[in-house]
Amino acid sequence: MRISIFRRAHFNAAHRLHNPNWSDEKNAEVYGLCNNANYHGHNYELIVRVTGEVDQESGYLMDLKVLSDLIKEHVEKVFDHKNLNLDIPYFKDVIPSTENFCYLIYTIMDEAVGPDKDVQITLYETPRNYVQYPAS
Amino acid sequence: MRISIFRRAHFNAAHRLHNPNWSDEKNAEVYGLCNNANYHGHNYELIVRVTGEVDQESGYLMDLKVLSDLIKEHVEKVFDHKNLNLDIPYFKDVIPSTENFCYLIYTIMDEAVGPDKDVQITLYETPRNYVQYPAS
Amino acid sequence: MRISIFRRAHFNAAHRLHNPNWSDEKNAEVYGLCNNANYHGHNYELIVRVTGEVDQESGYLMDLKVLSDLIKEHVEKVFDHKNLNLDIPYFKDVIPSTENFCYLIYTIMDEAVGPDKDVQITLYETPRNYVQYPAS
Amino acid sequence: MRISIFRRAHFNAAHRLHNPNWSDEKNAEVYGLCNNANYHGHNYELIVRVTGEVDQESGYLMDLKVLSDLIKEHVEKVFDHKNLNLDIPYFKDVIPSTENFCYLIYTIMDEAVGPDKDVQITLYETPRNYVQYPAS
Amino acid sequence: MRISIFRRAHFNAAHRLHNPNWSDEKNAEVYGLCNNANYHGHNYELIVRVTGEVDQESGYLMDLKVLSDLIKEHVEKVFDHKNLNLDIPYFKDVIPSTENFCYLIYTIMDEAVGPDKDVQITLYETPRNYVQYPAS
Amino acid sequence: MRISIFRRAHFNAAHRLHNPNWSDEKNAEVYGLCNNANYHGHNYELIVRVTGEVDQESGYLMDLKVLSDLIKEHVEKVFDHKNLNLDIPYFKDVIPSTENFCYLIYTIMDEAVGPDKDVQITLYETPRNYVQYPAS
């Protein structure tokens, strides 16, 4: 009986899209307003999906309180009210696009949840723009 | 031309998570506040997905009014304003977790919709916690 | 500079509408499914509005973190995952309708926030049914 | 690194469901209120999913501003504030059901986005009724 | 104890904004796409607020089931899946703008609810555009 | 016939709460995570309410397209993808709290809309925290 459970979470952060290997003109052309040198920011909405087998004794795939605590510890504490470019070492050499941010959260939550379950991350940068990894 | 249609519905119910084979301590530890002997409750949001072929004459996979009526008859009439533990015989021996409740609604709607179409159920216990069966 | 700030919160509870001074027939007639003797339940969405003057030094009417903590301590801890009829002494002699529940939360939050600010409560029993006190 | 990005858009239109090969009685029976000869209408919410590989230099699967502009040019400009039956030649001989409309938008956006990426369309006719093509 | 209760409802309709006393040019200039001769349409979201005194015996200001039935009978049955210009006599000589439509629903519901309670209508033409009467 | 119309808009920005007249300790104590020297950010949701008399000829209080364009020109163009502290001169000497930001947008939109109509601003910093000026 393979099932998926989902938990939504919320945090906010500042970021800037800028590729140091490009000219200022190319950065402005590719990233537009997202290239603002003074940063801008978002309320990120996060959905963590965990897929696996239901434990017959507890009726749980995984306690959603436990999943919620893992998200708080490994994602919210790390990224909430932060500047992705300046406060998060991973984004020293990686563009903090929603695609790359979604992938980073996937690697974090996939390890936190453990090897017997599958994780998929959906990350909303705005209510109209969002990203999902892995693609289903 | 394989397509999916979705219908959202809403109902509310009380329940309690409790495994009679466990001690009170273990029940409190595993289920926390959800173990309250006096019950608590939820507004459940339900999404029924039906997948199949579009009928070329009507342009419908299935009349959404028909699907809505099936949900009203087989799900809302049965569970709305009920106590899952006390009013629903299925939960005599099954923990009414969202996982098990989602699976029960799947078996009900899969039979109601018929063998030539596939059903998937998404069940929200709260806006931040939800479950999907079968996993896609 | 009179301004309002708002904080949303969420909790869930079971309840039953039943007037012990009425016959079973009248209770069924007035309250319908809400009269189920085994209880049913809801996810309550709560909006607390606080109105007053902005403090020029901090730029805050009131720290929303403080307001959020007051709601957690005085509302969520008290009502979340509870049975309103059985677990809340106030509802021994008062019908736990959304109107009466909204008024009770108003009296609690009005005292918690203090005399120099005005409080208004909006309480959603479902996404389509809600109540506001005092009426604006 | 295969990922999906999503963009939501909004437009509104009038339509009528009517099969000219059927009697008036059969049309009324199959389509009910949707058969009103004077048309009715909807706010359509559209989600375009694009799946493919992330470009390592830009960190983008595809610039969401570009995707948003493609939707504006190929979908919103064509369908917004229109009568699907009278203003859209495709629906001369095709029933403008949500299923057929979703498929039409898929063929439009699949060509606009290009052959190296996969497109999936979710089309909401109302907040409670929606359709997805291709089925995932 | 003066309190407000709210009930949300949903219906859809087609309409066209056109003033017969104006030239085609002026109609196009003032109403833009909303002037399309073939009509367009919307999913209207309606919020009916009723304000008055709580009945101490029942705990209700007014049974929300009764309010919901009044909305179904006097608003949904009348306007759902209709063309406002062609199917609703009131709009023979009145522009079916959201402002005028909101006011019409106010007069209908104010009479249906009765003289001892106050009614306020909020009418969403789209999720981003809405109207409220009377202004609070 | 006094009525209100509402228009929702969306933009995002970075900011930091910091009072230069206070010690670092007091700033950290009052503003918590919002005091991060590297900034954080939000998706701001804005609701502009305009109240006045309906024009009998057009059926409009005010063309919502005009209101939408005023918001784009005077609010979105000015604040979207900006750092409130560094890019907006007004916040040189004013704390960019939601209260002060809401008041600033009120003064901008009140002047843009003109003297014969009343403006009220609701500004969401997150889906759970928001502010309204003037208080109604």
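For reference, chains read A, B, C, D, E and F in written order, and residue numbers begin at 1 within each chain.
Throughout what follows, a residue touches a chain if its C-beta (ideal position, glycine included) is under 8 Å from a C-beta of that chain, and two chains touch if they have at least 3 such contacts.
Predicted, not measured: the structure shown is a model, and the values here were computed from it.
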Set of chains whose contacts include both subunit E and subunit C: F
Of the pairs given as D-E, A-D or C-E, which one copies A-F, with over half of its contacts the same by residue number? D-E
Do subunit D and subunit E, two copies of one chain sequence, contact each other through the same residue numbers, with over half in common, or through different ones? same
Euclidean distance of C-alpha centroids - subunit B vs subunit C, Å: 28
Between subunit B and subunit E, centroid-to-centroid distance (C-alpha), Å: 34
Subunit B-subunit F separation of Cα centroids, rounded to whole Å: 41
Numbers and ranges of subunit A residues touching at least 2 other chains: 127-128, 136
How do the chains pair up in terms of touching? List each pair. A-B, A-D, A-F, B-C, B-D, C-E, C-F, D-E, E-F
Inside the complex, what are the residues of subunit C that reach subunit F? 1-9, 49, 51, 54, 57-61, 63-65, 136
Complex interface listing, subunit D residues touching subunit B: 17, 19, 21, 30, 32, 94-100, 102-103, 127-136
In the complex, go through subunit D and note every residue touching subunit E. 10, 12-15, 33-34, 36, 38-43, 80-83, 86-87, 126-128
